[in-house]
Amino acid sequence: MKKIITLLTDFGLKDPYVGAMKGVILSICPNANIIDISHEIRKFDIRQGAYVLASAASFFPKGTIHVGVVDPGVGTTRKPIIIETKKSLYIGPDNGLLILAALKEGIKKVVHISNRKYMLPRISHTFHGRDIFAPAAAHLANGIPIEEFGPPLEKYETLTFSKPKIHKNHIEGEIIYIDDFGNIVTNIYRELLEKISINEGEIIKILFNDRTEKVLKICKAYNEVKEGEFLAIIGSGDFLEISINQGNAAKKLNIKEGTKVVVELV
Amino acid sequence: MKKIITLLTDFGLKDPYVGAMKGVILSICPNANIIDISHEIRKFDIRQGAYVLASAASFFPKGTIHVGVVDPGVGTTRKPIIIETKKSLYIGPDNGLLILAALKEGIKKVVHISNRKYMLPRISHTFHGRDIFAPAAAHLANGIPIEEFGPPLEKYETLTFSKPKIHKNHIEGEIIYIDDFGNIVTNIYRELLEKISINEGEIIKILFNDRTEKVLKICKAYNEVKEGEFLAIIGSGDFLEISINQGNAAKKLNIKEGTKVVVELV
Amino acid sequence: MKKIITLLTDFGLKDPYVGAMKGVILSICPNANIIDISHEIRKFDIRQGAYVLASAASFFPKGTIHVGVVDPGVGTTRKPIIIETKKSLYIGPDNGLLILAALKEGIKKVVHISNRKYMLPRISHTFHGRDIFAPAAAHLANGIPIEEFGPPLEKYETLTFSKPKIHKNHIEGEIIYIDDFGNIVTNIYRELLEKISINEGEIIKILFNDRTEKVLKICKAYNEVKEGEFLAIIGSGDFLEISINQGNAAKKLNIKEGTKVVVELV
């Protein structure tokens, strides 16, 4: 069976960088099956990368090797790591990028990649994706045990997304992601809404940033409202989202990731 | 032989959505060969998706499984379908997206995907690409017969592109596509031009939208005119196109898909 | 072993063109492993394409088949060619696009693709990527010898990037690439700097276009300066680059590829 190696970076698709990583992987493990998750993560935005990686990685089969490179600290003392979870292997910088996906699966072991044998002969200051992470992924795919790459790491960076706070009649949350459609994804998940008796089909009031207010139905489909109108919906990640039917809600509201939201039943 | 599964969506490449679909496919059919056709279809633009799918799909080998997801009606009563043609299988929403490609190959059977056994355990309201279409593609690749997915569907959505009208001395047509180079693709094909004795090398007058007029030679290469100058050419889809040598004709003329054109010999 | 075929074009990712090329390849060589290097080369920019191809191709394994299509002269007398190097095969138009990568590996033979047997039955005027280059790549992957495709070509186009000039106390160079991060890549490589005793950790003066001057430290990591500040660094291609830590240097300086630079020790 071909080993799956996924890639997630903030490199964009114009430059030679993603191609170079793929070339390195195939030079070491010629029958790897390389799958792109995303290369359009906002530059240097570790949180956005962590969210996208965690959202996509859970759908891959057991044994998948995920490489994540959003790495503003490249060339400094931040460590290159491998995280072994109950389901997958994650490779990238120790800056929190991998941790959200890894925690969902349950972390078994973290290793500090330090064995030069599994890196390219020359290590640049600026492109560890090519020189350290891609070779590590390919060697793992070839069956090299994780212990060979370096010593276990007891302390590693975490990344915490703010947790929604539930009150008697309202929930305080945050925008954790805005997708390419302009759908506004909050960190308020279905079960939490149900705890204060908010269900699909009901009308809620959403206050963004203590300023902009929207009164919306929690719909089961975008088409329940007219084209161009706002709606609330439980999205594909099981989070409450605010959308416009066939429109871009985030642009219309001029809302960014990190914005506070308060949700209550009308 | 590895089964080829192609993907065409309006998801863009930033979000976790395309990655999630690929993960789902590989979890069910680990040796599928997943090929991206395009994920940059204009959001919700079924016609543009239908054109791109039909243009690319015909070059894939017999037995290819094509998944198309431009799906503004997701979560409503619009049906998920599989179309079996004489050459390929098409999977996606019953909204016309697949029909142009399927009609070119000859439709043998259409099935309404309704067997929950071949969907993900939980079906979201907003992402049938991941929950229904990707699993269906992977199960088809595994050899599950199309009949297993649900009952045959006698009535399904079609999508009609306006047909060019031929007159004695002129042809009325429409812009069906504008590509990333700014090439303006009309629905007027070579044989039609020849019927009113318009051939390569000749000069034609093109009237856009009853307003903008261009008198152009039908060239055999962009380079027949100087850099920055307009030309007409029979493009790679065998349609009449209007272009600028090393420039963007659509931007220069401020022309959009759907615009009417009238072509006549000068 | 599956043959690797890489693709580099200026087609962008919206249109059916890249998908059509992949379909053609898989129709002829069903077990080809198709890898995208980039499809976001600036339209018609042969030099940018040549730089990206040369930067990525060297990381692929021996025997890789690279297809490059940045082809403003498509349909004219410019020849379709195959270049065999000591390591790889390059396929594309004879316009210099392939030459930089090929020269790095050492050219063994160049062939003018002219045997219609290895092209699609119908050759369009505008899309040789699909009709000539993709089929050639797939037939090469199937083991057809290069001699079968056409006669050897003694004279072919080259492409010269300006070479940096070294003086006693300064080096005159040029911006050869600006990446998606806004990193400004010069043609001044590490060894050249060392020849006039400029080393990492030292302070240099860089003059852009005889106008804009920057005095910068040659850092070992972006993080050596504060976020938003300029630095110099030896990049992943071993060239001197000018960057902003977590910012876009090219936008800030409004600098384009081709700009002259003069570097001297302070």
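Order as written gives the chain letters A, B and C; numbering starts at 1 within each chain.
Here, a residue touches a chain if its C-beta (ideal position, glycine included) is under 8 Å from a C-beta of that chain, and two chains touch if they have at least 3 such contacts.
The structure displayed is predicted, hence computed values, not measured ones.
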| item | value |
| --- | --- |
| Self-contact between copies subunit B and subunit C, residue sets same or different by half | different |
| Size of the rotation, in steps of 5 degrees, that lays the CA trace of subunit A over subunit C | 120 |
| Between subunit B and subunit C, centroid-to-centroid distance (C-alpha), Å | 31 |
| In subunit C, residues with contacts to at least two other chains | 13 |
| In the complex with subunit B, residue positions of subunit A that touch it | 1-2, 4, 6, 8, 13, 33, 35-41, 51-53, 55-61, 64, 179-181, 219-223, 233-236, 238, 241, 245-246 |
| Touching residues on subunit C, where the partner in the complex is subunit B | 11-24, 26-27, 30-31, 34, 43-44, 72-76, 124-127, 130-131 |
